[in-house]
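Chain lettering (A, B and C) follows the sequence in which the chains are written, and residue indices restart at 1 in each chain.
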Amino acid sequence: MSGILNSSIGRKFAMALSAFFLMIFILQHFAINILSVFSSETFNEASHFMGTFWAVQFILQPVLIFGVIFHFVMGFVLEIRNNNARKVSYAKNNGRANSSWMSRNMIWSGGFILVFLIIHFIDFWIPEINTKYIVGDMSGMHNGEYRYFHELQEKFIPIWRVALYCVGFIFLALHLLHGFGSAFQSVGANNKYTRALQGFGKVYAIGIPAGFIFIALYHHFVH
Amino acid sequence: MALDSKIPQGPLADKWTNHKNNINLVNPANKRLIDVIVVGTGLAGGSAAATLAELGYNVKAFCFQDSPRRAHSIAAQGGINAAKNYQGDGDSTYRLFYDTVKGGDYRSREANVYRLAEVSANIIDQCVAQGVPFARDYGGLLDNRSFGGVLVSRTFYAKGQTGQQLLLGAYSAMNRQIGRGKIKMYNRHEMLDVVIVDGKARGIITRNLVTGEIERHSAHAVVLGTGGYGNVFFLSTNAMGSNVTAAWKAHKRGAYFANPCYTQIHPTCIPVSGDHQSKLTLMSESLRNDGRIWVPKHKKDVEAIRNKTLKPTDIKEEDRDYYLERRYPAFGNLVPRDVASRAAKERCDAGYGVNATGEAVYLDFASAIQRYGKEQAHVKGLDENDATLVKKLGQEVVKTKYGNLFQMYEKIVDENPYETPMMIYPAVHYTMGGLWVDYNLQTTIPGLYAIGEANFSDHGANRLGASALMQGLADGYFVLPYTIGDYLSNDIRTGPIATDTKEFEEAENKVRSEIEHFINNNGTKPVDYFHKKLGKIMWNKCGMARNEKDLKSAIDEISQLRQEFWKDVRVPGDANEFNEELAKAGRVADFLELGELFAKDALVREESAGGHFREEYQTEEGEAMRRKEFQFVSAWEHKGEPKDAVLHKEDLVYQNIEVKERSYK
Amino acid sequence: MNLTLKIWRQKNANDKGKMVDYQISDVSPDMSFLEMLDVLNTQLIEKGEEPVAFDHDCREGICGSCSLYINGEAHGPDRLITTCQLHMRKFKDGDTIYIEPWRAKAFPVIKDLIVDRGAFDRIQHAGGFISVNTSGNTQDANAIPIEKASADAAFDAATCIGCGACVASCKNSSAMLFVSAKVSQFALLPQGQVEATDRVLNMVNQMDAEGFGNCTNTGACEVECPKGISLENIARMNREYLKASFKG
């Protein structure tokens, strides 16, 4: 068991585990956000719960942050090591013939997602943390009602941000199109259910980012 | 020197057991003091190196390829024989022995063949224990198929890649010993001479093919598992690198060369497509289980096919000549290889060949597809009269049995063999001749052993299908590791063999001067020019049919070509680097000598036996005519030039088998 | 056919190497790719130049020697074949063909198109075997029946020819497909169970030590593999390795 993270298979296993965690997180994040389209009240309640419940804030949130950082750092480490495994590159390489663009460019899709995440954190997460833990206002209220829905609506008024979000989610889709199935393969799941799983993976990889894009566009046009 | 085959006394069935009980052994502590060199890492060399290392000897193994796993045993397709009688069809050690001696046209050594049959069953056990994935039936037990020249199913197989799986088994056994440090592996090293000290083989000279360095390696005994010399024909099913150099250098140092003219021409190979051809591809004999061989009955159909105005599938049943079924009703398409090859040549010489060059016959799976298709339709309860369905089901069965071979054929020829019959023609495949060895597999040089295809002992004048793998592994796993102990037991006090002696010096200088000659020769023609020319002479005059006149002219032509070669060959580059042309030049130089001895041997053997067919000696029906007075092994002693080689005869005595006219009718 | 060849020439391991252009004419579509190179080499020798060095031996797709990266793909544009089985009918008159050696830190170039694949051998030394001595007394081959499906799957994994196309075509130069084929062959057979833990740990450790990259499941190896070795083997090795790690 010792040193498992020093082995190639151990590293890919760790990448897959963090990926699973992040994929579940994105699903949960989506489930709450989509509420904003149907009912601002339910969205507010769910947001308040997530933002104030101790287990979410002090257990899941740190784990999530660790997972995100680990996934990125390990991704970059692997990329550097893999580049070092081939010192002279081919004069002509036809990668298209044997693999998908997504699979060959995880570092680029991942990198763009990182940029997006930083902006996303600046937009939502840092103000939240500031309000709750630095200002100390845990009420979630603003002018006598829950502030979450309004904050969301406001953010999606500028067209540049909506566009950025759309592009970010397109990259997320590209990342997931390879990453979903890849994570299962990494943990050794390849059997008669693999085809079905890959199919589900495609639905997930396109459906969830498309949903997020819908939410952003919805709030841009309906406010 | 008189030949002593050292066959143990006693009844045939007890000879090997008695021999093992009586030979000297080396105790485990002393084995650590003894070094053995094994040259070649195919089935014979690889299994011998692994087993010797397991026993405790220090083994140095050499191969010219970049890894032991690439030795040409890997290309064997069909299977490996063993007298297991798993099918309950009456097989036994004696029957395998009988089939092998008869298949070899009564030109092999009885005691050796019996021992081979005896250990055959152990080979299968050993390989399964190593994790070799043989084909199995639905009950989980090992499956068998049948091969040419026999009436039982005793061939174990792993699809069309049996040689690969067995070689990887031997390679894995070697890897275990390399990991333990008991085998020191020298890849990309070519043996260029054997060193004799006080009349005993004590080492070899090698060239590192990457750096060009000439190295001396010493040992208490040297084992050659260096394969056959089919590439003397240039075009053969052998690998490009397969060569006779190790065996030939041993011959020039005093090892007798036995029966060089016994060559197996395999009946089912892909025909030559043009002058650019660099090698020939075999289609496994197992295809003859289901494929039927034919040519058109009428010359007009032949013409039409060659002009591409008629397709083979358009020729009606009654206009086809299934000549093997016609001539040999008992064995049909499963006659031994020599018989099948000659029959193909006979039809093509008569003008019935079906490709542009007139050198091809059909191997047709249409009736097998029908038969299997009907069977499947019946099993599945479907309509047996639905032609398309039957064809589809039948093709599926054929695909599971021979899929990889069909794919290989399609890639090379660009025709779909499921729809149109394959075209095949005989090609040089295996050489039964080789270094003469006694019962212990020792050559006439003490301490020098030859195993596998490199020796001559087990297949007589013709080898049965699926017996090469059997012999290679029998020699390497179960025979040599015991018999070599008898010799090495005298070496427990010898200590390491020094390499700074005059014998090593002399051998190294000889190797160096040959290399310098090639590099500085500045001729005009590349090595391949001479090799191709030699191949043409061999194929036309020492091929499937031979006669006195042609053989005599072959001897002259080869000798002349050899002189021209030494004068005019061009080897570019340098000696101290990777230089394939240089390596090839050395190999072709030896082929040019062997080729002449080959022709001389064929000339002297005034009879037809197995793969050696002399036109002067045939029955009225065109079958091979063996002659009682030639019931001996020809063992040639080197005396400077091939033409001066001296013939020694080892009489073959058959006490347990009746020597008969070999009939497959 | 007339072709332009762009071939990697490198005198030895220390030389820097470069791509060199050659023109070749009268190529027959029935030639194999290596026969086309034979023709080129004969012409070079006759002109007094050094022939192009490349690994080749059996020329029937089973020894695993030949190893050319042709027009950006391991073993060229055709599928389920080795370079020696590639025929010129796959190309058109006037084509330009790039011919390069396998590229990977773990496969250093020896000369021109020849690389050193010793790393593969060393991985096998670390555990690619079942420890059984040659005694002649191993139990009868039919003593342990093996389910046909497992035997067939073990065979499919065992057909790997060790050519290295997987490493060459992987963007990460990962050797996972090669190693997993051997691990799978033994993992699928009862005979392989006894040493399963050590085998997978030792082989993967050696693979990592040789400097191959990490697998990112692009699947390029499976597509380019001349023997069609499946990615399932990599998944199986991952399982075996994780099981062994948690156990050991």
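One rule holds for everything that comes next: a residue touches a chain if its C-beta (ideal position, glycine included) is under 8 Å from a C-beta of that chain, and two chains touch if they have at least 3 such contacts.
The model shown is predicted, which means the values in this text are computed figures rather than measured ones.
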item	value
Relative to chain C, chain with the most remote C-alpha centre	A
Most central chain, judged by mean C-alpha position against the global CA mean	C
Centroid distance [mean C-alpha coordinates] between chain C and chain A, Å	37
Chain A and chain B, separation of their C-alpha mean positions in angstrom	62
Chain B and chain C: spacing of chain centres that average the CA atoms, whole Å	26
Chain C contact footprint on chain A (complex, rising order)	1, 4, 6-13, 78, 81-82, 84-95, 97-100, 103-104, 106, 178, 181-182, 185-191
Residue numbers on chain C that touch chain A, as the complex places them	6, 8, 17, 19, 69, 71-73, 77, 98, 100, 103-106, 169, 171-174, 176, 204-205, 207-208, 211-220, 223-224, 231-232, 234-242, 245-246, 248
Chain B residues within the chain C interface of the complex	47, 50-51, 54, 65-72, 74-75, 84, 86, 119, 122, 124-142, 158-159, 161, 164-165, 168, 171-173, 175-176, 178-179, 185, 187, 210, 237, 239-241, 273-274, 276-279, 281-282, 407-408, 411-412, 414, 477-478, 481, 526, 528, 570, 572-573, 577-578, 580-581
Chain C residues touching chain B - in the complex, by the definition given at the top	11-12, 28, 30-32, 34-35, 38-39, 41-42, 44-46, 48-51, 53, 55-65, 78, 80-81, 85, 87, 89, 110-111, 114, 116-118, 120-121, 124-134, 136, 138-142, 145-148, 151-152, 154-155, 158-159, 161-162, 185-186, 189, 191-192
